[in-house]
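I've put the structures underneath this note.
The two complexes that follow have chain A in common; it is paired with chain B in the first and with chain C in the second.
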Partner chain A sequence: MSGGPPGRRGRAPRRLQQSGDGCDLHLTVDLIGVRREAADRVREGDDLRIELVHEGAAVGAICRNGEGAVVGALAAFPGLTRLLDCLAREVPFVAHVEEVSSTRCVVTVSRTDP
Partner chain B sequence: MIIVGGSYREVCAYPEWDRIYGSGGRAAVAVSGLAPGSVLHTYAYSGWAADVRATMASFGVRAEVVEIEKELVFEYYHPLSKEPVPKASAGLPRITVSGEVVLSFGMLEGPATVVAGRAVHDPQSDSPEAAFSASGSRAGELAYVVRDYMLAAADSSQEAMDVATRIMADEGASVVVARHAIGGASVYVGDTKPRLVPAYISDTWFKIGSGDVFCAAFAHYWGERRLDPVEAADLASRSVAHFNDGHRLPLPAPHALSALVPQPDTAHGGRVFLSGPAATLPQRWLLDQARWWLLDLGSEVFSPFHEYGERLAASAGPALAGLRACTAVLALADGGDPGTSAVIGHARAVGVPVVVLAEAVAATDLAVHAGMSCEIARDFTTALYRAHLAGMR
Partner chain C sequence: MRALLLSGGLDSAAIAAWQRPDVCLTVDYGQRPAKGEIAAADSVARELGLRHEIARVDLSALGLGPLAGRAASDLARAPEWWPYRNQMLVTLAGMRFVAEGLTEILLGAIRTDVHADGRAPFLRTVDRLMHLQEGGVRVMAPARHLSALELVRRSGIPRSLLGATFSCHVMEYACGRCRGCEKHQETLARIDGGRARAGTAARASAATGG
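On to the complex of A and B.
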C-alpha cells in the first residue's frame, strides 16, 4: 500500500525538531484525565494555559481554562520530557482547543513567544 | 500493584491518535488513582523512554524501564483495524518481578517471569510462549484473562467451558475471565458454569486498549481488594465503559461507575440495515468495512448494495421492505447520498432507530438528522457500536 503506514493521516501535526533552544514544539494531543465540569466551560478555539505542576518528585503539565480550572493533563506522547523541560525554563506555551466534549479535549500545543 | 507489560506507540488515523501507552503503560495509568504506589516494569524505545518515565511519574507510578533500540508502533486506520503487529528484536533481557499482587501482560519483547501472591495474566495471544507458566512464573492464586475467541477449541466437540478448565489445569489458575468483543465477560471459576458479566453502555467507543483497562481494573478489585471474581469483573466491565467514552483515564472509584446502564441482554445482535454510497473506491471500502465489523460484533446485516449489486437501482422496493425487517439503520452520511437520505427518512417514519456516521459533515447539515432523533456518531468505530446497540434494543 502506498501513502505510508495506516495510522498516519499524511499531515504532520507533531514537530519536535530542535531550533535554537529546542523548544520549537508543535503537537496535537488529547488531554488525559479530563474534568467534566471544567471541560464543559471550554469551547473550540479557546486557548488553555499550560502549567507545570509538582507533586513530590514528580513533575507534570496541566491545562487550565479561562477561569483557572484544571481541564486535564498533558502526558503519554513522544516529546513530553522536552515540553516539561521547556516549561521549566519558563518558555511560554498555549494549548489551543481543537475539539472538546465533556469527556474529551483535543489541543494543539505551541509556544507563544516570538 | 506491580504491572508488567509493554509500552508501545499507538497511532490511529480516524480518530486521530498518536500516543505512548501499550498494555503496561495504559494499565498503570488506569489504576494510578485506585492503587497508589504502583510500579510499572516495561520495555520502551530509547527515543521516548524518558517520556514513559515522565508520564508515569506524573501519575505517581514508578517506572522501571528496559530501554530497547527499536521503536514498536501499532498502526490503525480506525480503532478496530489493528494492522500487522510489529516485531521486537530478539535476545532482550528478561524482566523478572515479584510481589504480592502482579498484573502481567504478554509482551512483544518476550515474557516476563513473575512470582506473586495473586497474579492476573493476560497472554495477549494464544502463542504457547505467552502462557503464564511458560516463563517459569508462579502465583499463589492466578486469574487468567483472555478474549472469548481464545476459548474456541480447535476440536469442535469441546466447549468454551472445556477450554477454560484446561487453562485452569495447565496454568494453575483458579479463575478464567473471557472478555467479550463488545464489552462484558464470562467468568469461569472451578468447574461451575460461567457467570456472565454485562457490558455497560458508553456514548462513544474508542476501543484501543479497552482490554488493558479491563485487566487493570480486575487486577485491582480481585487482586488487591480481594473481591469475588464476578464482582471484580463487573467493576472491570464498568471501568471499560467509562474508559471507552473518550479514552478516560485514570479510572474512578466504584461509586462513580454505579449509574452506568448495562447493554441489552439479548441472545442476538439485532439486524442492521446498512446504507451508504458506493460510487467510489473509498465509499465502497467503507461499506465493506462497516458490514464486516457489524457482523464481527454479532449483528445481522442487511446491505442493499451487497444484497442486490448491479440490480440495486431496480430494487428500491425490496430494499425498503428489507428495512422494515431491520431493528436499526447505520447510515454512512458523508457525501450527502440521496439514497441514504431517503432511507433515513423512511426508517424514522416507521420508528426504526438510525445511527448516522458523519465524520466531515457540518453541524448545520446534520440539523435534519438531529431533528428526526437520529444518533450522530463522529467516528466510524462509535457508529458501528451505536448501530449494534440500537439493533439490540
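On to the complex of A and C.
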C-alpha cells in the first residue's frame, strides 16, 4: 500500500483537514530500528512511503525510501493502532523526513489523500 | 578478550558503548526477530567501531513464546521466555571465542529483568560454571544493578545511536505492540524526558481529537 509518491525533496505535509474517518493523523516520531544503508540514502525533506508489513499474525508499519529499502518502523507513539487500522483501510500516508543520520530518522506522518 | 552478547536492543547497545568489548556477538538462534536484531547490532557495532560477529544456530524448534511463534509457557514469568536462553547464549559465546583467548562474556541483564536467567542467582552460578571449565572464562553483567534508563545514562551512548536499536519480540521490523517494543518505547520516552512524554503525545494527536 503506498502512502503517496515517495522520493527526494518531498512536499511538506499538507494542512490537516477533517475527514471524519478517524485517520487524520499528523505526528512526528522517531523511526525504530533504523537501517543504516537505507537511511544513508535519505535526506531531510524526502518523503518516505509507508506500508504495512505482515509476519505471521504480527503486523507493523514501515517506511521505505525512494529505492524501496526499509528505513525503519513506525512503532513508538500512542496512535499506532489507529495508524495500522487506517493503513489496512488503504488510507494513504507519507512520512516526511525532518531529521536523518545513519542511525536516527525523525519523520512527520500525515495522510496524503485529498 | 571480552565478548558482549549484543542483541541490538537498548540494553546491550548501551553496554557496548559503555564497556567497549573486544568483540560483539549476535546469535540467530531461530528467534523470529533475528533479522532485525542482526541489523540493529551491526549498525550499533559499526557506529561504535567495534568488531561484530554473527553466529547462526537454528534452535527454533526448541523455543517457546512469541520469540518462537508459539504459545507462552505456564512456567514463564513473562510471555517472551525462551527456556534457558541466556545459558545457551553464554555457552555459544564461550564456544566461539574461548580458543581466541576469551576472558569475559558480558551479558545485558539489568535490575528489572524478570526471567531467572537475568537475575543474580543465575548470573553468579553461570559465572562459576564457565570459570571452572577450560579457559576460566568469567561471565559478567555490568548493568545488573541498573534500570534501563540508568544504564543508558551511565553508558554515554549517543541519543542518535538509539534510533538503530530494536527490541521487538515478534517480527523483523518493530511491531510497536509486543512487550519488547513497549519496554523500548517506555525507555526512549524516559530518556527524552518530559519533552518526549508530552511532546510525542501532543504531536501524535489527530485532527479528529485522538
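What we mean here is this: the second predicted complex is superposed on the first by the 95 of 114 C-alpha atoms of A that agree within 3 Å, B and C clash if a C-alpha of one lies under 4 Å from a C-alpha of the other, contacts with A are read in each partner's own complex, and residues count from 1 in each chain.
We adopt the following convention: contacts are C-beta pairs under 8 Å (C-beta built on N, C-alpha and C of every residue); 3 or more make two chains touch, one makes a residue touch a chain.
Remember, predicted model here, so these are calculated numbers, not experimental data.
By the document's definition of touching, both partners, chain B and chain C, reach A:A73. When the two complexes are overlaid on their common chain A, residue A:R35 makes contact with chain C while staying clear of chain B. Contacts of A:T81 after superposition: both chain B and chain C are touched.
Touched residues of chain A were counted for both chain B and chain C, and C has more of them.
Across the two superposed structures, the residue set of chain A contacted by chain B and also by chain C is 28-30, 32-34, 55-56, 58-61, 73, 75-81, 101, 103-104.
For chain C in complex with chain A, the touching residues are 32, 36, 39-40, 42-44, 46-47, 69, 159-166, 168, 170-178, 181, 184-185, 188-189, 200-201, 203-208, 210. Within the complex formed with chain C, the chain A residues making contact are 16-20, 22-36, 53, 55-56, 58-62, 70, 72-82, 101-105. Considering their complex, residues 9-14, 16-21, 25, 29, 47-48, 50-51, 53-55, 57-60, 73-77, 81, 83, 203-204, 245-250 of chain B touch chain A. On chain A, the positions that touch chain B within their shared complex are 5-9, 13-14, 28-30, 32-34, 55-61, 73, 75-81, 84, 101, 103-104, 106.
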